[in-house]
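Let me begin by handing over the structure; questions about it come next.
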Amino acid sequence: MKNNMEILIDRILESYVTIGGMNHLEGHNLPSRQSIIRIVDDLESVLFPGFRDEESLNRSNYRYIISNKIAGVAERLQEELSKSLCYFNGNTKKKTDNGNSDIRAEKIVLKLLKIFPDIRQIIKSDVEAAFMGDPAAKSHEEVILSYPGMEAILVHRIAHELWIEGAPLIPRIMSEYIHGKTGIDIHPGARIGKYFFIDHGTGVVIGETTVIGDRVKIYQGVTLGALSVKKALGNKKRHPTIEDNVTIYAGATILGGNTIIGRGSVVGGNVWLVSSIPPNSKIYNKPGHYTLKSNAEKIQDFQI
Amino acid sequence: MKNNMEILIDRILESYVTIGGMNHLEGHNLPSRQSIIRIVDDLESVLFPGFRDEESLNRSNYRYIISNKIAGVAERLQEELSKSLCYFNGNTKKKTDNGNSDIRAEKIVLKLLKIFPDIRQIIKSDVEAAFMGDPAAKSHEEVILSYPGMEAILVHRIAHELWIEGAPLIPRIMSEYIHGKTGIDIHPGARIGKYFFIDHGTGVVIGETTVIGDRVKIYQGVTLGALSVKKALGNKKRHPTIEDNVTIYAGATILGGNTIIGRGSVVGGNVWLVSSIPPNSKIYNKPGHYTLKSNAEKIQDFQI
Amino acid sequence: MKNNMEILIDRILESYVTIGGMNHLEGHNLPSRQSIIRIVDDLESVLFPGFRDEESLNRSNYRYIISNKIAGVAERLQEELSKSLCYFNGNTKKKTDNGNSDIRAEKIVLKLLKIFPDIRQIIKSDVEAAFMGDPAAKSHEEVILSYPGMEAILVHRIAHELWIEGAPLIPRIMSEYIHGKTGIDIHPGARIGKYFFIDHGTGVVIGETTVIGDRVKIYQGVTLGALSVKKALGNKKRHPTIEDNVTIYAGATILGGNTIIGRGSVVGGNVWLVSSIPPNSKIYNKPGHYTLKSNAEKIQDFQI
């Protein structure tokens, strides 16, 4: 076997040269997915100190422990940002870009730290929205510790800030990590107001140019998507606008960059919408037409 | 950078005091999500000894290895239960509640161990149901080792017992851990009979007060949900009852606490039901109305 | 507690004998799920050297590092394959089957290594399809590092080769591991052409006997499933055929082994299809009937 395998491995190695394209061999320029995942986990535990970690926090030690954790995650994030900025500035072959990426990365991290208290404030509003919006929620602690929609919006709020600052690649790695964990796919470009609540969440898709107001509630399987998938439209608003106080029930699909769901509206389950509806609307599918057979005899067609 | 960052970190630390609400700094009272996850994994490997772990088990050593594993997981579960009971009894500030939570936690763990053989028996029925219900299943081993629906129902059966005993928070952390892994969201309050099979499973939602009989089969994307989401209804039956021998195909939505799907019924794919159907019914959407265009020419509207 | 717990543990141990069926105590014959997961991760990092791992690769060291990694993963895969072949040949009780399983396992691994460059070539086409097919994709690197559909098809292409070679159980463990990570459930039996792209992906189900041509694009929540679930039909073609250049939008369901979606066709969102459509068709649900109420007054029934 030895010889056969050596030959086959050599052919695989050759394929990296001949097929190329997908392999990046020039060192550490690309951010590491593993590092980003650890950064996300650490940021979560700094947003909710004492909830996600196993260390015991108390009034006397928490300043020390959390200061260290924040400083550590800031340093690692800056390193990955610098790699990513350098790579996408076309400096993949050079060892350096005269420190430009380092400087930009530091600025982004300091900006993020600066608004961190505001992010905590808005996430507090999300916790409240989940607790009030779900009759099954028994406590705020349950929301924070177990609701997947909570984890999705929390990481989105950080990824979105990095997106705004123009950080390449890293916000998308963050959002896809949480998509994998929760089944909730929020593009980091989406703008989302406060008191936001996603219940259950599996299958939710929120596209890049979506705009969502305050106090919006969304259920599992809701898509806020694009009508056209032409690559050339990459920079246009392709996804809908959801105004304040809107509720969208499970499985509804709302498509298009010009589609506006007016404030205070309710979109029923499985509704398929490609045009706007005015404020305070309620839109439901008309009662379904079913064929009901009982004991193998067809007894009626009926509407429910 | 040093100085800037120190200032920013100080502001974040202050925000834990001023914003508060979401951070729990008084030590180890809340159960640890990481510990619960390890407990779930260990319980799985004790339910299926020799399947999930890497140690080699044989007739001579398995009593020793598994006894130790059961005793260990029981001890850790008791510790987390005690924390959780103490916390939600309002004893968050005190170091102790005179051992009341410890005593209650021990009782819950002993109860769980007592019915463990019964849980294994009913999970055996679930394995059989999956094997018989899926033409693609090649062996019972495949079902146990790879079916996400299997893992979801297995963990649910344990979480549900803890739920019945009134354990706060921990059953929900368990169910959301498995929701993340499988895309199947079963609230620990749901009552589910034997020979239960969820195929594929992504997007399934089964609400808190759902009641499901024996030999029920459910496909991906099925929601058994609530009609109203008023917080005040938190203790009422808000989710449907599914009687014995019912099959519910992919994407069907069944809502409401008074909705009963009579035994032996079949609910077709994508059906939307908010009222009861009698036993032995078959309910399908009427053939869809489509617009079919071929070669860019519209050739017909048709039903299929 | 000691005594009580000992008694209860003894009863659990007894249940392994009396209930039996689901526990496999005779050692290491079954493949280990943990090992398969590590093998999948290593195969991914060999398909994309320098993308998934943290080591620094450069032109001088990569031959050494990757050779070692390939040889290591090949060895571990061979070991798991051998266990699995031996187990399902009914040799669960014997320590050996005279090396037949070892020989077969080696052949399968050498075959996989032989076609590894071809698998890389076809995955390169998948990366290209994702980049071209999604206006939100900013770079090939983003596709490789963050798209769940990319990870799903990549692992499927390996699992499918093992499936073709008749490897029991392992391909299914691989596909369900990725199903758990991405929400995309592709049975290893499915045959899928090049330039394949799944966008978002949560809730996608692709059944065992599905056949998919080249340049096919699929969105979240699409099911390519079976009409009948009779166990006896286990070997028949039960799932549809999707020809070249077909696009299937979110939530569409296509069922049945005789259903053929002709090349160049477009299947609209939420369409439910159980029969064939000719080449170059576009099939959409007719505009939905909605009830729209505004300001709590019903103003119109309308179509959109």
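Going by the order they are written in, the chains are A, B and C; count residues from 1 in each one.
In the analysis below, a residue touches a chain if its C-beta (ideal position, glycine included) is under 8 Å from a C-beta of that chain, and two chains touch if they have at least 3 such contacts.
Values in this document were obtained by computation on a predicted structure and should not be read as measured data.
Fitting chain A to chain B on CA positions gives a rotation angle of 120°, reported to the nearest 5. The pairing of chain B with chain C is characterised as different-residue: of all residue numbers used at this interface, under half are used by both copies.
Centres computed as Cα averages put chain B at a distance of 23 Å from chain C. Multi-chain contact residues of chain A (touching two or more other chains): 183, 202-203, 221, 251, 270, 285.
Of all residues in chain A, those touching chain C in their complex are 1, 4-5, 8-9, 11-16, 18-19, 21-28, 30-35, 87-88, 168-169, 172-173, 175-176, 179-180, 183, 185, 187, 189, 202-203, 205, 207-208, 221, 223, 225-226, 229-234, 238, 251, 253, 270-275, 277-286.
Chain A meets chain B in the complex at residues 46-52, 54, 56-59, 62-63, 66-67, 70-71, 74, 106, 110, 113-114, 116-117, 120-121, 123-124, 127, 132-136, 138-142, 144-148, 181-183, 200, 202-203, 220-221, 250-251, 269-270, 285, 288-296, 301, 304.
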